[in-house]
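Got a structure for you, questions after.
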Amino acid sequence: MTGIALFGCGRIGRLHAANLARTPGVTLVCVYDVMQGAANALATELGTSVAPSIEAALNDERVDAVLIATSTDTHTDLILQSVAAGKYVLCEKPVDLELQRAIACRDRLGTQASRVMMGFNRRFDPSFEAVRRRLEAGEIGRLEQVIITSRDPSPPPPAYIRVSGGLFRDMTIHDFDMSRFIAGNIVDVSATGGCLVDPEIGALGDIDSAMITMKSATGALVHINNSRRAVYGYDQRLEVFGSDGLLLAKNRHETTVEASGTGFTGRADPAAPFFLERYSEAYRAEIARFVTCIRDETPFPVTLDDGIAALRLAQAAQESLASSKTVTIDDRA
Amino acid sequence: MTGIALFGCGRIGRLHAANLARTPGVTLVCVYDVMQGAANALATELGTSVAPSIEAALNDERVDAVLIATSTDTHTDLILQSVAAGKYVLCEKPVDLELQRAIACRDRLGTQASRVMMGFNRRFDPSFEAVRRRLEAGEIGRLEQVIITSRDPSPPPPAYIRVSGGLFRDMTIHDFDMSRFIAGNIVDVSATGGCLVDPEIGALGDIDSAMITMKSATGALVHINNSRRAVYGYDQRLEVFGSDGLLLAKNRHETTVEASGTGFTGRADPAAPFFLERYSEAYRAEIARFVTCIRDETPFPVTLDDGIAALRLAQAAQESLASSKTVTIDDRA
Amino acid sequence: MTGIALFGCGRIGRLHAANLARTPGVTLVCVYDVMQGAANALATELGTSVAPSIEAALNDERVDAVLIATSTDTHTDLILQSVAAGKYVLCEKPVDLELQRAIACRDRLGTQASRVMMGFNRRFDPSFEAVRRRLEAGEIGRLEQVIITSRDPSPPPPAYIRVSGGLFRDMTIHDFDMSRFIAGNIVDVSATGGCLVDPEIGALGDIDSAMITMKSATGALVHINNSRRAVYGYDQRLEVFGSDGLLLAKNRHETTVEASGTGFTGRADPAAPFFLERYSEAYRAEIARFVTCIRDETPFPVTLDDGIAALRLAQAAQESLASSKTVTIDDRA
Amino acid sequence: MTGIALFGCGRIGRLHAANLARTPGVTLVCVYDVMQGAANALATELGTSVAPSIEAALNDERVDAVLIATSTDTHTDLILQSVAAGKYVLCEKPVDLELQRAIACRDRLGTQASRVMMGFNRRFDPSFEAVRRRLEAGEIGRLEQVIITSRDPSPPPPAYIRVSGGLFRDMTIHDFDMSRFIAGNIVDVSATGGCLVDPEIGALGDIDSAMITMKSATGALVHINNSRRAVYGYDQRLEVFGSDGLLLAKNRHETTVEASGTGFTGRADPAAPFFLERYSEAYRAEIARFVTCIRDETPFPVTLDDGIAALRLAQAAQESLASSKTVTIDDRA
């Protein structure tokens, strides 16, 4: 049995808790949230206990690993504390909004950084995983182009935008990681964007629409397009083009039903409404993988360095947006 | 140059005339219709002449071949007259509403029956043709099942139904021919149906919805479904299933555009509205093939015997509908 | 907590057991199989106990309900015993191979028949369920035609065929139930078929390929096509055609990935390999629904009468195959 | 009758000539090519005459319009000569490889520039045209993003590359025009690329793979991706994303057939092999539109200014590629 403590009982924390409850060989030892009501409700629902404090949870010998799903500004501190207490960590993205803090965290961890897995759930999506596996198996030859389409169904409220760190750190961060998952290291970034969806977002100094172009160390070209709003549902597609062919991961739908009627043919259900539905399998696989790695003592598939690299790309995109220049990535920074 | 006379200037006659005008190496020598106004209008539009009578057209030495697009009850007489005058014939389906008259026509023609091509346009559709070619090339192994979906966009007026010969002879006749095109000779037929679309059709003693099951000489099973009305457009699909795979010819659309919006994803244009649009390429290819066969003195790809065989299946389906029994086909009849 | 005893620890029994283990509010009290080794293995795997006998399980007060996944010939006896012991029953299809035995079972149960739910898993498939819900909501108007495509990936071994009761009772039974799920009561059946896939099946007096046509009480036409082998995977599609449109439930694939390469475009994964994968969600939903109905004391969605009706259609199809006649269904029989 | 002279009897010239021969109301008066053999062959094939010289053709009173399909370096001179002779002009893209020469040409023409139509055939593709029409009709609300995928099936020979003017002027020029067709005026351009397909192209100082990002005057973001090689066929897609939905124009296939077999499902024909096939309808519509505009004395839908604007974007992309900076477009230049 692997004992797990959950820090953070918000939307994503509750999702992970429900998945943990269904994962064989795992015990959700306790949950914690600064909002004690949220912790109590979740503990009751899942028949587990509420930790009185972070420290209490970390001192609990039954706890082998910690799942960090708290607000972003607490991530690095909780990582450091948890690892210091000898725990494994699965930390939600991003590591931090500040690249330097993320790097400092990793530097303080040293070799212990290997105890931390970053929660880039999309890597565990069956379709994206299949694309990478087939690419690596040589099915489409040498990688040449990647097109990532990533559009949210509707913009978050201004309060969320305000603390989000901006589109690139909050939303594109997943796409930066997906770029690296498919194309490996990135050497330069060019970004453009604007506020086309919601003027309130612009009023807060953020953008809601973006296009990013990158080049990988092997010369592959990568395009990301983002929007905070797609009326037809959460739009999450991946196109990988190589010397011998093309792999396309399309949107998921709840059913396979297609309807035809007066004036139209072949209308499918809407795409999955949002990430909880779209990536339900991915979240389950992520947790299962985290637990398996702990049990088998194998390296985590997504590291703190991956978290830092994605954040670095987000920062570079921000610079490019400001300067209208292509920004070169220095991975030694 | 191959000189052609067109008999019948209705909807299908005008379509053929327009295609003839665009076919290199062909001259539309004259047109004829019992409605002289229709003949005059078409002749003016295409810059050709109106034949004063059938006889005049058949006596015209410039006329090598005749395209018969008149009402069904005139087909056999015109075939006999035209062949007697030494012309080649492309005759619209069906040969006749009465199987015995069609057989009598063929018997009177004897070896001259080879001068007649039947106008089963769907055999020339690029997709159906590709299905047959790939089946014959062995791509899906031995043929086991055929599913033909054939639904008109909307029912014809009662006046049309009254002289149509009934659903099987008028509409399914094409599907019977398609069955033979794909599966070869048919040995038994079972049919059911009803009046689900338009009570006026039922009042005239006809049906507007049908399902037919047949067995081919090789044991392959064939299903046809028909409806006189599909609100999403002319529904013309073909599924061919074999020991090594499946070939599906789907509906054609005018563009490749797919739309997504609130509540839906991937909505295509409606299917082609009706046969003039759906089979536009097929009609052109049919005419071109007719002319090529004449020029090269090669056998026509669709014979009078094919026309008779389809009519025989229509008659068997009618019997099966009445008797609720499977009707065995005797091709020697 | 709802306590459940599982009778039968074969392939389908193990599937249900695994689903039960993941269903909240359910305890798998014990398992039983005439092959004691199978029972022991499953009990160990899931941390439950082995019942020493059927009787012991039925006398166990913790057992509220019984899941019957034993061989078909034991179904009616186990249903009667279980209901007599005051248990609810979820029984795998078919009720029995003999229609008269199934009817006798129901007659003996009288009003207690309502304690029995039949395991027609496909009714719980999200796509088929959506088709029915949308049909009932009026989205495509009045029902006119149903096309059920149901092809297994590969034929079962002769030993299975020998005790299967024949294609109609073993395989088509699901499609007969699906026909009723969509079109309601059926009034006549016409069937044809042959042995096209595996001569060994023919040698055993069975067929491996079939086409069935039926008419519903409302006049809707229903077509089923079956094959014991589809090289491209388990082919399970449903087409429902109405006065205002069409609903198509297509095959499910493990991922949304489409590949293009030299000579082809848009190749998807194979369809789900077989029923365990294809209907994984349906099996889970079936169990969940069974438990919910017990808990809420609401009627089961699939009754013993549904099981009998499907069996009656299978028998009628068998008669039609032998007689080449349409067989009228008498539901009072 | 509109009389037309064709200058240039190469691949694209012959295509236009064949289309002209089938366009009602048009006479191909004469053809001309510096390679007299090519002119003779085409004239014989289509039953027209060979002009002894450009001047002779331009002095021919029967010639109302000139179709320029010669090598790019002759375009501006032939435009000037033809307009001076009172003819209308349909000129193949690009106007010239040098932006300044194209501008000089337009300036010399002054108001007479309205006699020139540029041959951006893709604007006449039924699917791309439908996308624009539906966008303009408001179907997807306000335009926010455009994704143009444009990949050739295989790279041209080095001899072609050498005189092509580079990827942006030769190949992307169409995509620049498509960007303007959909998104209107462009205000900035950022480009990246590399030589991933064919080292010979790199050796000639050109690139064969590119990604371009642009912003329109209304703030819409536009992405183009290019490759000189797609093994699955000519890849020409258009995605237009707006506040109320998405329009996707997908690749065209010769048939609607989809095949399934061992290990795969739903494989379509390859995409159209190359532009002659992919844009066959577009080329016909282009010619028809050109002739209709002349006859009706309405403005041409694609102007010399459109040709210059596309060339300006190609030049800006070239600058951006060299400088790694976003280049601002000055349309007054």
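Chains here go by letter, A, B, C and D, matching the order in which they are written, and residues are numbered from 1 within each.
Rule of thumb we're sticking to: contacts are C-beta pairs under 8 Å (C-beta built on N, C-alpha and C of every residue); 3 or more make two chains touch, one makes a residue touch a chain.
According to UniProt, the chain labels map to these proteins: A, B, C, D = Inositol 2-dehydrogenase.
Everything numeric here is computed off the predicted structure, so don't read it as measured data.
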{"item": "Pair sharing more residue contacts (C-beta pairs) when A-D is set against A-C", "value": "A-D"}
{"item": "Chain whose average C-alpha position is farthest from chain C's own", "value": "D"}
{"item": "For chain C paired with chain D, centre-to-centre distance based on mean C-alpha positions, whole Å", "value": "58"}
{"item": "Mean-CA-position distance for chain C and chain A (Å)", "value": "40"}
{"item": "Chain B residues counted as touching two or more neighbouring chains", "value": "231-232, 244-246, 251, 258, 260-262, 269"}
{"item": "Interfacial residue positions of chain C with respect to chain A in the complex", "value": "22, 126-127, 130-131, 134, 139-140, 244-252, 254-262, 269"}
{"item": "Parts of chain A lying in touch with chain B, wherever the complex brings them together", "value": "231-233, 251, 253, 258, 260-271"}
{"item": "Chain B to chain C touching residues, read off their complex", "value": "142, 144-145, 147, 149, 151, 188, 190, 192-194, 196-197, 209-211, 213, 215, 219-223, 225, 227, 229-232, 235, 241, 243-246, 324-326"}
